[in-house]
Amino acid sequence: MGLILDMIGGLLLVSGASFLLFGGLGLVRMPDIFNRIQAGAKTTTLGTLLTLAGAACLQPAWGLKLLLIGVFLIFTNPVSAQVLANAAHRRGTQKTPLTKVDHLAEDRGDKS
Amino acid sequence: MNTVMFAISVLLAVAMIGAAFITILAKRPATAMLAAGLVSLFASVLFLFMAAPDVAMTEAAIGSGLTTFLFFFVLGRVRGGRS
Amino acid sequence: MIRRFAVFLLLLALGSIFVNLLMGYVPDSELNLTARYYAEHTAQDIGAANIVTAIVITYRGLDTLGEVTVLFLTATIIGMVLSQGQKHRALQRQLPPSGELLTTGSRLLVPLILLLGAYVFLNGHLTPGGGFQGGAIIASAALLLLLTDPLRRFSHRLISVVESVSGLVFVASGVLGILYAGGFLDSRILSTGTFGALFSAGVIPVIYSFVGLKVGAEFTSMLTNLAETEQS
Amino acid sequence: MDWIAMGTGFTLILMGLYGALTNRNILRIIVSFTVADTGVNLVLVAVGYMHGRTAPILDEAVSAAQAVTRIIDPVPQALVLTAIVIGLGVTALMLTYAYKLYEVKGILDISKCKDLKW
Amino acid sequence: MDKGKSSKWRDTAILFATLMLFWLMLEGKLEADILIVGTVVSLVIALLYRDGLSFFTEFRFTPAGIIAGFRYYGYFFKELFKSNFALAAIVLRPSLPIAPGIVKVRTKLKSRMGRLMLANSITLTPGTLTVEMEGEWLYIHCVTVASADIEAATAEIVSGFESYLEVMYG
Amino acid sequence: MVDVLVTLAAIIAGVAFLLALVRFLLGPTRLDRVVAFDVLTVIAITFIVLAALIEGRGIYLDVALVYALLSFLGVIAVARYLEGRD
């Protein structure tokens, strides 16, 4: 039983790290800042959550503290991503030419 | 098993030196400050690897959090008045 | 040009000294005498699980008192420097109002950050952390409030009251150490308790809590002083 | 690991000093100082590190009886703890004076401050 | 929002309970001294920072609300996994098939926590990122824009979470 | 067997770290660097958890907790500064 739990924990660790890797790859490959924020925010959240779950499988005694770190991450990561995206939009950062629509810019333009 | 942590420390050391290069060479002060925060962040992880969790926590809370903020605060004031 | 050359020369000399130091460095394989004493005696004498805390608060308590004093002086000097003559140049920077999400998020997170700070300094004798880290975390909560609403003002009175009361408690417990235990800042005026419990290690948790409050108040006053330069 | 940390620390000190001595923008000088500060702390902690030992905190993993053979030197850590906190105080003070200088003179370039030049 | 005095006190009580829960999770033990200190600390924070919100501030403690909460988290983690695999597929493909854009969608939620949770969930789910929230309008950046029409985008992005959150928070 | 998996996880996380570092070094705008900073902080949390597993010390997790809360603050401070001036 313990061995199976250990194996599950190890596999969760590896899959969490792989999601981090996808995040890093997305960060390098994506063409503009909004897409980079998307790659950064999502994959790091899930990757870290999986890593924490894996650690909890390997050391069940640490479960509560790991859960707490996970809760904090779920609430801080999207907020910082949103603030960053908002700042980027307010600064009028260059968007990739692939961009199709931008309702926010249209509405902002109307107001000011 | 310790080789893993050794390898990560080498990685962190390289990253710290790279970030320090950005700090002293960057054109804009804001970039330099961000890179200094990054140096402090990696130093904190390295402290933890050297079995000093107290120091790591101090460096994370003070070096990476408050110092970076203080710099940006003053930078905002200084540039805001120029216009 | 000549200045750059001088700098280069200086750094070269310093670098050669460093290389010498690095080459000649032999890591210890045994603890030295002081560290061995601390490692052997902390658990029985002080009752603190975190030896660094025992050193900071009890064995080297005077240094900590000096450190807190230096921080207090720094905060005071910053307040004095910034309070003079800020009228003649009104620095108006239009920071746009923060979005609804950041406002709600900060109202959600600030109590948790405060709780984490309290946890860090109350458990300074058991887990990593202590008054300085906890104080910095509490100041970060104030910082998050300032970032969300740049025009927010904290009560200076509250900050200075918290600061002076904590300083007084710190010194008073040191004096009580002279009266009831071995000397200034001896932590054994309360019983050491069972090893590993929250109420243990004598007066260390009390002192560290007040150090945490004091450091938090000092950092917050630095931040607010800087923040208030915006207004005039 | 201590070699790496020590070497990195020395490199950071040198780079921070280089930045502080060659830059003219006062904010850049202060940033370089913090980098050198971090380097000094790294060297100090690396001096206290010993191979194969763990953090000086006693819990289930390290009992009080085996502390002498299992933990690393706690004294440099206590020292560095103080150094980091005071470092923030010093940085805050420097930044305040930089701000004041800007407020009074309207410049950040240190080479243009010739009042006290001899 | 018209907040009465009793509702303010209710918020404080809920904040206190949440802080107490977090304190116990942080300590990981249940002993008398920990409970005493935790009560004091949570009480001081809850009374000092009266603006504080907690995860349960506007939560409806009805059976339907609690069931919706559990189902919401199940749905949320399913979407989180889906979003990550979708992003990995995009990133790993050499041609990088993206067509980004910022679209505008509408939400019916009124409570602050519900709106925050909605925005956070949208940020963490497939190819979407909340950029700004103004009144009933949400501006969302999408990696691949399906349709620029407001109603269609609302149905596609928001409605899945909104149905649960509406029951939970209102 | 578990050791091998933990090592593998550390290697993969290290590669991710390097990629994020590349974005920090290149980053055309400052906000790109901030995004990279955010990602690097979160990867540092993974490193801390791995170190705690390897050393077998649960107390290291407290540091990860402080990281999770304070990295957020650094990012918000920089983002708010960059938002304020244009």
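When the chains are written out, they are named A, B, C, D, E and F in that same order, and each has its own residue count from 1.
Just so we're on the same page, contacts are C-beta pairs under 8 Å (C-beta built on N, C-alpha and C of every residue); 3 or more make two chains touch, one makes a residue touch a chain.
What you see is a predicted model, and the numbers here were worked out from it, not measured in a lab.
Listed by label, the chains that touch subunit E and also subunit F are A, C.
Setting subunit C aside and leaving every other chain in place, the chains that still touch stay joined as one piece. Between C-D and D-F, more contacting C-beta pairs join the chains of C-D.
Most remote from subunit B, judged by the distance between CA-atom centroids, is E.
Centroid to centroid, with C-alpha atoms defining each point, subunit A and subunit F lie 11 Å apart.
Put simply, the C-alpha centre of subunit A and that of subunit D have 31 angstrom between them. Centroids of subunit A and subunit B (each the mean of its C-alpha atoms) stand 21 Å apart. Across the assembly, subunit C contributes residues 50, 52, 89, 91, 93, 96, 98-99, 101-102, 105, 108-109, 112, 116, 120, 127-129, 132-133, 136-137, 140, 143, 219, 222, 226, 229 that each touch 2 or more other chains. Shared interface positions of subunit F, defined as residues touching 2 or more other chains, are 6, 10, 17-18, 34, 50, 55-60, 62-63, 65-66, 69-73, 76-77, 80, 82-85. Looking at subunit B, residues 2, 5, 49, 51, 53-54, 56-58, 61-62, 65-66, 69-70, 73-77, 80-81 sit in touch with two or more other chains.
Checking each pair of chains for touch leaves A-C, A-E, A-F, B-C, B-D, B-F, C-D, C-E, C-F, D-F. For subunit C in complex with subunit A, the residues that touch the partner chain are 96, 98-99, 101-102, 105, 108-109, 112. Taken in their complex, subunit D has these residues touching subunit F: 54-55, 57, 59, 61. Those residues of subunit E lying in contact with subunit A across their complex are 22, 25-26, 28, 80-81, 83-84, 87-88, 90-92, 96, 98-104, 119-120, 123-125, 127-132, 137, 139, 141, 143, 145, 148.
Against subunit C, the residues of subunit A that register as touching in their complex are 72, 75-76, 79, 82-83, 86, 90. The touching residues of subunit E, counted against subunit C in their complex, run 15, 18-19, 22-23, 26-27, 31, 33-34, 37, 41-42, 45-46, 49, 51-55, 112-113, 115-116, 119, 130, 132-134.
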